[in-house]
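First the structure, which I've put down as structure tokens, then a few questions once you've had a look.
Letters A, B, C, D, E and F mark the chains as written, and numbering starts fresh at 1 in each.
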Amino acid sequence: MEQFINISYIVASVLFIFGIKMLGSADTARKGNALSAGGMLLAIVVTLLKQGIVDFPMIAIGLLIGAVIGGFWAKKVQMTGMPELVALFNGFGGLASVMVGWAEFQRISASGVAGTAVTYTAIVLAVLIGGITFTGSLIAYLKLSGKMGGKATTFGGQKLLNLLLFVILVIAGIITSMNGNYGAFIAVLFVALLLGVLGVIPIGGGDMPVVIALLNSLSGLAASAAGFAINNNVLVVAGCLVGASGLILSTIMCKAMNRTLGNVLFGSFGAAAGGGAGAKVEGEMKPVSVQDAYYVLEAAQSVVFVPGYGMAVAQAQHAVKELGEILEKNGAEVRHAIHPVAGRMPGHMNVLLAEADVPYEQLTEMDDVNPIMSTVDVAIVIGANDVVNPAAVEDETSPIYGMPIINVHEAKTVFALKRGEGAGFSGLVNTLFFRPSTRMLYGDAKETVTSLIAEFKD
Amino acid sequence: MELFAPLEKEEIETRCALDPVSAQKLIKLGLTVKVESGLGNCSGYKDADYTSVGAEVISDRNSGLASADIVCRVSKPEAAEITQLKEGALHVSFLDPFNEAALLDSFVTQKVKAVSLEMMPRTTLAQKMDALSSQANLAGYTAVSLAAEKMLKIFPMMMTPAGTISPAKVFIVGIGVAGLQAIATAKRLGARVTAFDIRPEALEQAESLGAKALRIDLGGETGGTSQGYAKELTPEQIEKQGLEQAKVCAQSDVVITTAKVFGRKSPVLIKKDTVDSMQRGSIIIDLAAESGGNVEGTVLGEEVVTENGVRIFGYANMEGRVPQVATQVLASNFYNFVEHFWDKESKTLKTDPEDEILKGCLITDNGEIIHERFKK
Amino acid sequence: MEIILLLFVFVLAAFLGFELISKVPSQLHTPLMSGSNAISGITIVGALLASGHQDFGGMAKWFGFVGLILATINVVGGYLVTDRMLGMFKSKK
Amino acid sequence: MELFAPLEKEEIETRCALDPVSAQKLIKLGLTVKVESGLGNCSGYKDADYTSVGAEVISDRNSGLASADIVCRVSKPEAAEITQLKEGALHVSFLDPFNEAALLDSFVTQKVKAVSLEMMPRTTLAQKMDALSSQANLAGYTAVSLAAEKMLKIFPMMMTPAGTISPAKVFIVGIGVAGLQAIATAKRLGARVTAFDIRPEALEQAESLGAKALRIDLGGETGGTSQGYAKELTPEQIEKQGLEQAKVCAQSDVVITTAKVFGRKSPVLIKKDTVDSMQRGSIIIDLAAESGGNVEGTVLGEEVVTENGVRIFGYANMEGRVPQVATQVLASNFYNFVEHFWDKESKTLKTDPEDEILKGCLITDNGEIIHERFKK
Amino acid sequence: MEQFINISYIVASVLFIFGIKMLGSADTARKGNALSAGGMLLAIVVTLLKQGIVDFPMIAIGLLIGAVIGGFWAKKVQMTGMPELVALFNGFGGLASVMVGWAEFQRISASGVAGTAVTYTAIVLAVLIGGITFTGSLIAYLKLSGKMGGKATTFGGQKLLNLLLFVILVIAGIITSMNGNYGAFIAVLFVALLLGVLGVIPIGGGDMPVVIALLNSLSGLAASAAGFAINNNVLVVAGCLVGASGLILSTIMCKAMNRTLGNVLFGSFGAAAGGGAGAKVEGEMKPVSVQDAYYVLEAAQSVVFVPGYGMAVAQAQHAVKELGEILEKNGAEVRHAIHPVAGRMPGHMNVLLAEADVPYEQLTEMDDVNPIMSTVDVAIVIGANDVVNPAAVEDETSPIYGMPIINVHEAKTVFALKRGEGAGFSGLVNTLFFRPSTRMLYGDAKETVTSLIAEFKD
Amino acid sequence: MEIILLLFVFVLAAFLGFELISKVPSQLHTPLMSGSNAISGITIVGALLASGHQDFGGMAKWFGFVGLILATINVVGGYLVTDRMLGMFKSKK
């Protein structure tokens, strides 16, 4: 029987593997979810066959209560409320791992025979990670559902407090692992719960989806740790799968926001520290990888291309047209904004874009695109320079002051495609490239656009 | 066998039947090639170009006609010249057989095999000898280049520091070979092109070149004959078509009409009121001028400026405006024709009257009219 | 030895987890998160053992019971919500 | 303020200084706009088009000139007309200031502010008022459309049942604004384009439009001045350049030259022997004809056919062949100029002589020549 | 110590994982190989630390002999001889697994205590798979090195013999697993060796690379089985990694030859059976997936595009041009062969391809491309029909008989892109689509080409 | 239990193996084959045990010895040949 159960666990794990894989692509996602649910059912059923499982009434009641609550909430929730519900569920999962760890700890304590260091360590990890997951998810839930201010909350001495808690945690953790001291165990639990709160409070509501993905990864790890504690392989495998894939997912989500994970998690601390000093700094040209640019574009709703002489030099027009088509298929609104002096002859861009068969309808004049620029998610500047130089509208001393430009600097994100630090025809420095919302995609424009296309095509 | 290409006599004809390249290929095949002196003058070739490839340049037209087994020329011959031909000789040219019954009779009398280029079947196999196609193609191109040169505006769109120049709007009526090439050329130059034809498959073809197809529901039966030529429309259909077209014309800078119905006078597709609704300075090129014109007001061979400043060009022989290539492809058609029926062993033409292609284009043979449609 | 093999399993699962997710279209970020959240409810197996196994008694059992309820909510709710999300996603397309 | 656009007097001039659209924009700005009756005749506009946007159409040229604060016109004025202008008025037109010292003196005497369109600085900021650019652009386009219409062959490649028609070979000498547009247009039509310029950056620009750049190592110093105009070459450099160019010319169907050196007679780039080496029927369009021509044998305003059948077109006012757009962009340049210096409050022009643009193009003011290069 | 060894095994496995992953991409392949070699070294060294390892001299001698022989061959071999050497090495690996299994079997027999069924089964599998690998690889080696005829060899009764051997195998295997009978064990070994020979002999020399990849996968599985037999996790993991990745690799290699694995392995049987009958059959239109087409194109050295009216309808010219560029970058020679009557007007294809900026140099006339057609790896027919209809040269009764066509039917592989069964302008049936070398890529030409491009961009 | 965990390890490794190889450029087919062939020489660990372990004696030891030699050839030769192939491949590019 034990063999059978364990083989079933293997099957369940395989179902989880397929489930996760299929969830990653639109066509198969729903079936993937069903598969993984099947795996879960299998794991639950065969567990009930385990030798030594006796208290079926208790189990039945527990399952029933849980299923009713979970089912009810899941059915009732509005589309808009789903993310916060997921956060809540995730928190419960974390707490469940805490409970499993705690129960095992109790069992060992009660049995009188001391557990091994490995088991204790596993229990500590399960409780620690599970605890953080629980309160962290709860805060995320509160923020998302508006029951708590969505803004990033920081307070003085927070860093110090965190440090203190960390020290306590390490000491208590070590003590527990060594000899299963109950007090230390409770200390770990307590600190974990606190850390979850403190960790999530400073993060703004807009970043919550990433945080939930990360907490989700953590709850997987907590389950995995619980698996080590009770020596159960399906817990280890399924938990670890979730842990790893969740981590990747949160990274991907960060990239789609043009952020890093570190920036999301600890960004507000930096902000708190560096705040106050409002001086306008020059900044630097921040390069971005094609892959990261892809994640941003993939999530963009409106995109404006701004071609310039560099597009002509690179002969990138066909690639640009294709990228435009792909973005449109992906659901974005695509425009090509042509500045009257772009290129080196009147109508330079028109010739090229007509050659690439960009429909005339997508060609937008400067005066038409500027008013909507602030609603644009991404402006892609392709080898243009002078025609997007904000100095023309901002810097009275600039030789091009007074020339109307395409105001890409108002777009949410700007990707500037250039080969290097080269100036435009007029030889002026362009402050656009130094702005916080601008990212540089260095390299020949055609190659860059082609690699962007490649990213879209998997 | 001897092949002779006489000088074209019509004033307007800038093309000729043979260029040096095809002459050379014919000679390689085993023919003796004679051309009348001055043949290539208008299309950019000198007599020396012909002699250098081995053709004989002769000044005596009459002897050339009399001794030739094959006579190739562009335009139909004068009746008088037919009588000079050898009995059993092959005469290949445009003939306008529906309107030139007398000419056909001369061929019969003289027992000359007359091939009408117009009657070349429009099959895949015969396409290499299809002079109507090869010439219509160039007519389509020259129509656009003429329009570009005559227009007060330009074709492409330009967003310039001095404002945006909008692209020219071009409307092509009749999407045969000429219409398609006109679409392609106008598109290349950057115009917005709309196109119309009564044959639905032609609309798809226009779209395959990037034009916008104007789809008008004419009701009733329309479409092409099995030969690929258009059927004649009922008056009501023409009426309705005119209405829809007028709307497009009013907005167009250039209108090019190419609709011929084979063997008849071309239909008038653009009425005077439509022309009057067009903008000052816009241009109409009527490629059907020679067969009567698709536009009311077209005068063959001339530019007409209407009261409201619309210019209608009814020039004849449009393909002749690029005579060098027109001659090149036409000569190639002649060569392909000869080559197709050439018998290598006997070094003669094998003209099996049951052949599908000959059935289509051979009008007279052995002293009688053998073509189904012209039999009396 | 057993713990080592568990560790082995853990490492392989981690690699597999990383390999499985490569490029997820942004519309699927939330459902994927939600779906894998449901999987993380696998801790339910632990809770089942803790609440129903004869080895566990007293407090431990009750901890297990609470854990079972919570994990069940996570599992049942998680799968259902994910399915709903994916359903909408499809009809939207 | 009052702005007046007189009729162009030169026979060849088909453009004019104002189109209705720009007239309307000027009126919106707060100016009173007067145009001489018949102004837009050649470029496709009727007097009614002007009145309908609020401009005043007057027949009395003299009163118009006398009362205007700003006079806009295309070609340089007759000296007599300058004396009719109001003191302190602004006169904007092409002036050819290097060759028309007498005209400048008239402006000085009359205390008129004369702006020479030729002298507009070639900076990014001034580009919207740069009439040389806006017109050269169209000249480049018309050069190609003229060539297409005149050629015996066609531009694009066609692989047809009647043989392959090879693409026309086009050679563009001088890759300024006109050269670039010529490249673009020829490429669009399907030609193989080679281009040459002495400025290396211009070669890159040609390549950015898909042309093949002819790179000749001329040795010594070459390149553009800070203003973007070409420097004059030494005789040896011209020699070497000629040699390399001759090779390309010999294979080209169309050669278009655009090389002007500002303020001087244009360099002769294509010598007679080069022309003689070209093929019968090939075409040369010399866009520099007005300033002397880049080609030996160019005759201003005419088509010259050489002995070996090469046709050299030295037409003047090429941009005037598309007068409607030429007028549109030129008028837009005028408007942009006025708008740039317009003071909304006082509804007058703010002409700060320290302004970089005015420094470049304002020749006379307050009864003296203030431009550095023309000061005596 | 045991813990340490096992953890080192985990590390070694991780190195193998990275190694295999990196071997799959050109930039990292060499480093990947080094990493995996490092993993191997680690595994060997820590094994020597194992408790109970005593006979170091023996080990030293074995390692020395093996290293000298392996190193010498590896250094000496010519570039052209490498594949067969790999086959040989692989055979040795298989035989080594046999030996390990046999040694374990001996040990158990000698110890007097009967082994478990699981252990015996594992031993049987190790010996079986290892044995097949050994002789199979040997035959592959002989065929590749020319020491044996490269042709597929079949003989009458082969099928019967195979069946017989299979029955013996099953019976002997079961007996061995039940009670460790030595005789049965030897029978298994013997049959395995024979099966290896019989399995590979009927396969032609051209298919050997696929066979080696497959045998390589088997030798991995043999190692994995040996791991089960001696209860060693690194053997299980590394062997299984090789087994799985090798299987995928052989599938990929098959696709690159436009074959299936089954066809490669058992193709000659079919040929033998269906041979003789030389009647010209009509055949059927065989569709191919875009992915499989990709594998063929990826391996092609020369590609000819043949556009027709369908390319114009689909407006696929830009995509075609891009695919051409990609193929060129991939090392193939690319031509666009234009038939004079392709499309619906003279020069139709020229307009489109010029719009897409296909260089004039790549446009090839029919008369220039036909002579080299038989050397072309892949001809891609894009919405052309009449102009590639072999009836024009073969079928005197055809209305288009006598028209020169582009002889794509002479190319090694033809991919025909069409939407369905539609005829061309002339309405004729085209036998090209029914030929064995032709595969249909159904769908709108632009979409098909775009998906092909997507395949190339990963 | 141990055998089950080994099986688990096996299954996970199989999935990982499938996921690792997706699209290999055709020039790399042979090196990849050769490189993974070298890895399959991991059976050398088994041979080491068989030839050097005290538990093994008599015939078994000698089988192990033969296995050791063969596996070593596979490992050493395999890695070297792969490296040579990849070296040429690079210089060719």
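Following the convention adopted for this analysis, a residue touches a chain if its C-beta (ideal position, glycine included) is under 8 Å from a C-beta of that chain, and two chains touch if they have at least 3 such contacts.
Owing to the predicted nature of the structure, the values given are computational and were not obtained by experimental measurement.
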item	value
Graph distance between chain C and chain D, where chains that touch are linked	2
Common touching chains of chain F and chain A	C, E
Set of chains adjacent to chain B and to chain D	A, E
Chain copies touching (chain C, chain F) - same or different residues, decided at half shared	same
Chain pair with more C-beta contacts, C-E versus B-E	B-E
Chain at maximum distance from chain A, centres defined as averaged CA atoms	B
Interchain centroid distance [CA atoms averaged], chain A/chain D, Å	57
Gap in Å, rounded to a whole number, between the CA centres of chain E and chain D	66
Separation of mean Cα positions, chain F and chain E [Å, integer]	19
Junction residues of chain D, two or more chains touched	127-128, 133-134, 137, 156, 158, 160-163, 165, 188, 190, 210, 329
For chain F, residues that touch 2 or more chains besides their own	1-2, 5-6, 8-9, 12-13, 15-16, 20
Overlap residues in chain A, where contacts from two or more other chains coincide	13, 17, 233, 237, 315, 340-341, 346-347, 351, 354-355, 357, 458
In contact (per the touch rule at the top): chain pairs	A-B, A-C, A-D, A-E, A-F, B-D, B-E, C-E, C-F, D-E, E-F
Residue ranges of chain D in contact with chain B within the complex	43-44, 46, 127-128, 130, 133-134, 137-138, 141, 145-146, 148-149, 151-154, 156, 158, 160-163, 165, 185, 188-190, 280-281, 309, 321-325, 328-330, 332-333, 336
Residues of chain A touching chain E in the complex	315, 318, 321-322, 355-357, 453-454, 457-458
Interfacial residue positions of chain E with respect to chain F in the complex	13, 16-17, 19-21, 23-26, 29-30, 32-34, 36-37, 39-40, 43-44, 47-48, 50, 52-56, 58-59, 61-63, 65-67, 69-71, 73-75, 77, 79, 82-83, 85-86, 89-90, 92-93, 95-100, 102-104, 106-107, 110-111, 118, 209, 212-213, 216, 219-220, 222-224, 226-249, 252-253, 256, 295, 298-299, 330, 455, 458
Residue ranges of chain C touching chain E (in the complex, touch as defined)	1, 4-5, 7-8, 11-12, 15
Complex contact set, residues of chain E against chain C	2-3, 6-7, 9-10, 13-14, 17, 233, 237
